[in-house]
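Two complexes, one shared chain (subunit A), two partners (subunit B, subunit C).
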Partner chain A sequence: MSWLVPVPVVLPLIGAALAVLVGRSRAAQRVISCVILTVTLVVSVVILVEVDSNGAMVAHSGGWPAPLGISLVADRLSAILLVLASTMLLAVLIYAIGEPGAERNHVGFQSAYLVLAAGVSASFLTGDLFNLFVAFEVMLTASYVLLTLGGRAEQIRSGMTYIVISLVASSLFITALALIYAATGTVNMAHIAERMADLPLGITSAFALLLIVVFGIKAALFPLFFWLPDSYPIAPSPITAVFAGLLTKVGIYAIIRTQTLFFPPESQHGTLLLVVAALTMAVGVLGAIAQDDVKRILSFHIVSQIGYMVMGLGLFTLAGITGAIFYIVHHIVVKTTLFLVGGLIEHAGGSSRLTRVGGMVRTAPALAVLFLIPALSLAGIPPFSGFLAKLALVDAGLGASEWAVVAVSLVVSLLTLFSMMKIWAGVFWNPVEDHSDDEYDAPPLPVGRLGGPPFMVLPTAALVVCSLAISVGAGPLYDLAERAASDLLHPAAYIDQVLRP
Partner chain B sequence: MTVLLAATAAALFAIGTYLILQRQLSRIIIGLGLITHGANLLLITSGRRGRAPLVGEADPSLMSDPLPQALALTAIVITFAVTTLLLALAYRSWLLTSDDDVEDDVGDRSVARGTGPDHELRDQMESMVAGEDEPVET
Partner chain C sequence: MRSGRPLGEDDSPLLDETVRLAIPVVLVVSIYLLFAGHNAPGGGFIGGLVASAAVFLRYIAGGVPSRRGLMRLPFEVLLGVGLLISVAAGLSSLLLGDAFLEAWLVDLDVAMLGRVKFTASLPFDLGVYLVVLGLGVAIVDSLGREADDDSDTAVESGEAP
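So, the complex of A and B:
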């Protein structure tokens, strides 16, 4: 079955090429993208089922055995994230097709989107550190194009910051790679893990910190998060949604993967990660409270939520990492949904500024429901998925006697609820305040009973159902996350599977 | 030799970092070019040095390590492509604003000015400020 592993990477790339070839027909492009992403989703689910029952799958590209060739490895964590990523990509694609403007005006949209999909899949599946760099670049280059598609002045401004920061992070990644290669003589991740054990503690500790900085920039950890709230809100809503759901999570995945696989317990920086996690949570949520734009509030919340995932990792216990994985699952679904609803608000109200829209609980009641469920879930109100994810993390934190970070996480939850209520009050309850000084906002469009075009509302509703399904199926999902966490804490099996099949 | 290469990489990083912190886009792009060169140089330095790694050219034990060279080549191609995109964006930015500076973020400025949604808070602030001097328009 290991021939399935490269499919989620190769298929979207083929689709991207086909989408360029049929560039004259937007309908043909849409069919290609939808079919490709649906097949990718099915393949990802098959991989997850297979990996969960029979252990990690390894594919050696070109048939070269592990330390020589590039290996693609699907273990439980990769497979879980792959399924989530494919689901989000498919839902957001349908939303983008339904939204006037975002996708229709650009011949390159579908290709760039599929390349992004390939890059995300490759980042989750690769078993080679240099290949991880390449996968990051594939994903980021596609994201640069998507972010600046259209070339409006504010897109250029924020896109520029984003590209410069990403390029600096990539250069640091190359630097880290060079140093790790000089010390271990390999770029295969399993092989690095094996050889890292023989290095002096000071050197492994330095590598661990360097990789935290490199991936911390991509994941938007405090104090490396400042680029995110500036660049994400500018893109068209579906693009922001997919960035918010997936790109920072790829960074978190890379942190979890490298910290658990490469470094022996004595060179792991648990306390540092916990401090960073607490600061990330607190600074992110305080930033969100200061904003008055739905998309900017949500962007600051991405930063805040990243803190929870790092908190789970920083505990370095089975319960902690399980909580982090469960949190990532919940967060990807809920955050993507919230940004899609943000797009619907913008569509229905002509703006995403809280001062410009209002009273939508009467004009678009369906949107109010679609917003309220993920918003309460994000804040951690029972019985939604966010409550269960936070409960798992808090429980793990108490189990490891890390009182301070648990206290911070609880206060931040309360502040999250506050800023979600601020959006609720501003967008749905309050009357419209002023429409007088509309600088660049579009006039409000008439909305139907659904609160927007059906192809925008349906994928959003589907994701809301997904997030409810997470809380209904929390038991089996938590068990799956626990098995994935257990794999991460005992990397010997991973190493054996890659190097000695 | 390794020390010389490491020192060169360090100098490239230092100058690049200085340039990236400037406000003009053209300097930032040149700075990025220097930093990526520094990183690539470090990548080359990480392998063993020696003769050209071609079969039959030299004894394998005397050959240099070809892997970092291949990695550096890949990294150069990638950063080349991204730098090209960045130059295109810089040109677009010049067309739109007819200057070379990185602009402030609109949202940040409005938050800093206090024109957010909290009208009561804003009015309070304005009445406090009005007592002393006019708020400065950035």
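So, the complex of A and C:
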């Protein structure tokens, strides 16, 4: 079955090529993208089932054996994230087709979107550190295009920040790569892991920190998060949703993968990661409280939520990493949903500023429901998925006697609830406060019974159902996350599968 | 003749003739590089860049309208077909039961040409060549056309006496 492994990367690329060729027909482009992403989702699910029952699958591209060629490796963590990413990409694509805006007006949208999908899949699947760099670049190049679609002045300005910061991170990454190659003589991740054990502790520590900084920029960790709330909110809504759900998580995935695989537990910087995690949570949520725009509030929450995932990793226990994986699963679904709802609010109210919209609980009751479920879930209210994810993390934190970070995470949960209720009050409950004319805002549109165009509301509703399904199926999902975490903590099997098939 | 030349309004016979002579040479070199890439310096990317250089030369000498003559294919087709060829080259070996991107070898005795030997990395490289060339054409087309429009409007809006 290992021939399946390259498929989630190759299929979107074929789709991108076809979408360019049929550029004149928007309908043909849509059919191609939807079919391609649906097939990718099916393939990802097959990979997950296969990997979970039979262990990691390795594909050596070009038929060159492991340390020489580029290996593509699907283990449990990769497969879980692959399934989630394909689901999000498909849902957001349908939403984008339904939304009057970015997708309709730009001939290149579908191609760039599919290239982004290929980059995300490649990042999760690669077993080669240099190839991870390439996958990041593919993903980022597509994201530059998508972020600035429309070419408004503020998009270009924020796009510049985003591009510059991404380039800085990429240069650091390639520098780190060169240093690791110089020290170990290989870029195959399993091979690096094997040789890293022979290096002096000082050098491995330096590499560990360097990689945390590199991926920390992409994942928006404190203090390297400042670019995110500045650039994400100005992209078209479906783009913001897919960036929020997936791009920073690719950074987190890279941190988890490299830290667990390369560095033996005794050279870990668990305390440093916990401090960073606590600061990321706290600063993110404080930033969110200070905002008065739905998309900006949600963007700061991305930062805050990243802190929880790093907290799980920083514990370096089975329960901690399981919690982190479970949290990522919950977060990707819920965050994407919230941004999609944010887009619907903007669509229905003509603005995403809290002061300029209001009373939507009467004008668009369906939206109110679609917002409330993921919002409560994000804040960690039982019985939603966020509660279970946070419970897993807090439990792991208590188990490792890390009282301080547990306390911070609980306070941050409370503040998250506060800022979600601020959106609820501003958008849905209170009347419109600011009636002055603003040239930047679109006029509110008639929303109908669903609260928006059906093709925008239905994928959003489907994702809400997904997040509810996470709480319903929490038991098996937690077990799966635990098996994935156990793989990560015992990398010997992974190394053997890649190097000695 | 006003053709939106980037280097001013006057014809330059010297430049025109030089470019006319240079372009076939440049294109042949680009194709040589494409084929040489398997065992020697070269490859699809370099070849595509050199071919793009021919497109740029044509544009510098004559502006966007003259570029149309050299390269009538729209860049979308170049980009799309190129990407498809590359991916198909990778998939073909997967379909034959080998690993993704695994190269198969073709060794033929062709009349006149002698022994011809190439591998599946040649179609892959050809795809890369087309993508890079398509990108070159796209850059000239989008940036060049805009520059031409600017210079045209500048002339029309009365800066000329």
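A few points about this structure:
Note that in this section the second predicted complex is superposed on the first by the 499 of 501 C-alpha atoms of A that agree within 3 Å, B and C clash if a C-alpha of one lies under 4 Å from a C-alpha of the other, contacts with A are read in each partner's own complex, and residues count from 1 in each chain.
Following the convention adopted for this analysis, contacts are C-beta pairs under 8 Å (C-beta built on N, C-alpha and C of every residue); 3 or more make two chains touch, one makes a residue touch a chain.
A quick note: this is a predicted structure, and the numbers were derived from the prediction, not measured.
The superposed arrangement places subunit B and subunit C next to each other on subunit A without a clash. Of the two partner chains, subunit B is the only one touched by A:182; subunit C is not. Of the two partner chains, subunit C is the only one touched by A:21; subunit B is not.
Shared-chain residue A:293: touches subunit B; no touch with subunit C. Comparing subunit C and subunit B on the residues of subunit A they touch gives the larger count to B.
Within the superposed three-chain model, A:63 lies in touch with subunit C and out of touch with subunit B [touch as defined at top].
Touch criterion not met for A:483: it reaches neither subunit B nor subunit C.
Judged by the touch definition given at the top, the superposed model places A:106 against neither subunit B nor subunit C.
Least inter-chain distance for subunit B and subunit C in the combined superposition, rounded to the nearest angstrom, is 8, based on C-alpha atoms. Across the interface of their complex, subunit C is touched by residues 3, 5-6, 10, 13-14, 16-21, 23, 59-63, 72 of subunit A. Of all residues in subunit C, those touching subunit A in their complex are 76-77, 79-84, 87, 90-91, 93-94, 98-103. Within the complex formed with subunit B, the residues of subunit A that make contact are 130, 133-134, 137, 140-141, 144-145, 148, 151, 153-154, 156-161, 163-164, 167-168, 170-172, 174-175, 177-179, 181-182, 187, 229-230, 233, 290-293, 296, 353-355, 422, 426.
The touching residues of subunit B, counted against subunit A in their complex, run 20, 25, 28, 32, 35-36, 38-40, 42-43, 45-47, 67-68, 71, 74-75, 78-79, 81-83, 85-86, 89-90, 92-93, 96-97, 102-103, 105-108, 110-111, 116-118.
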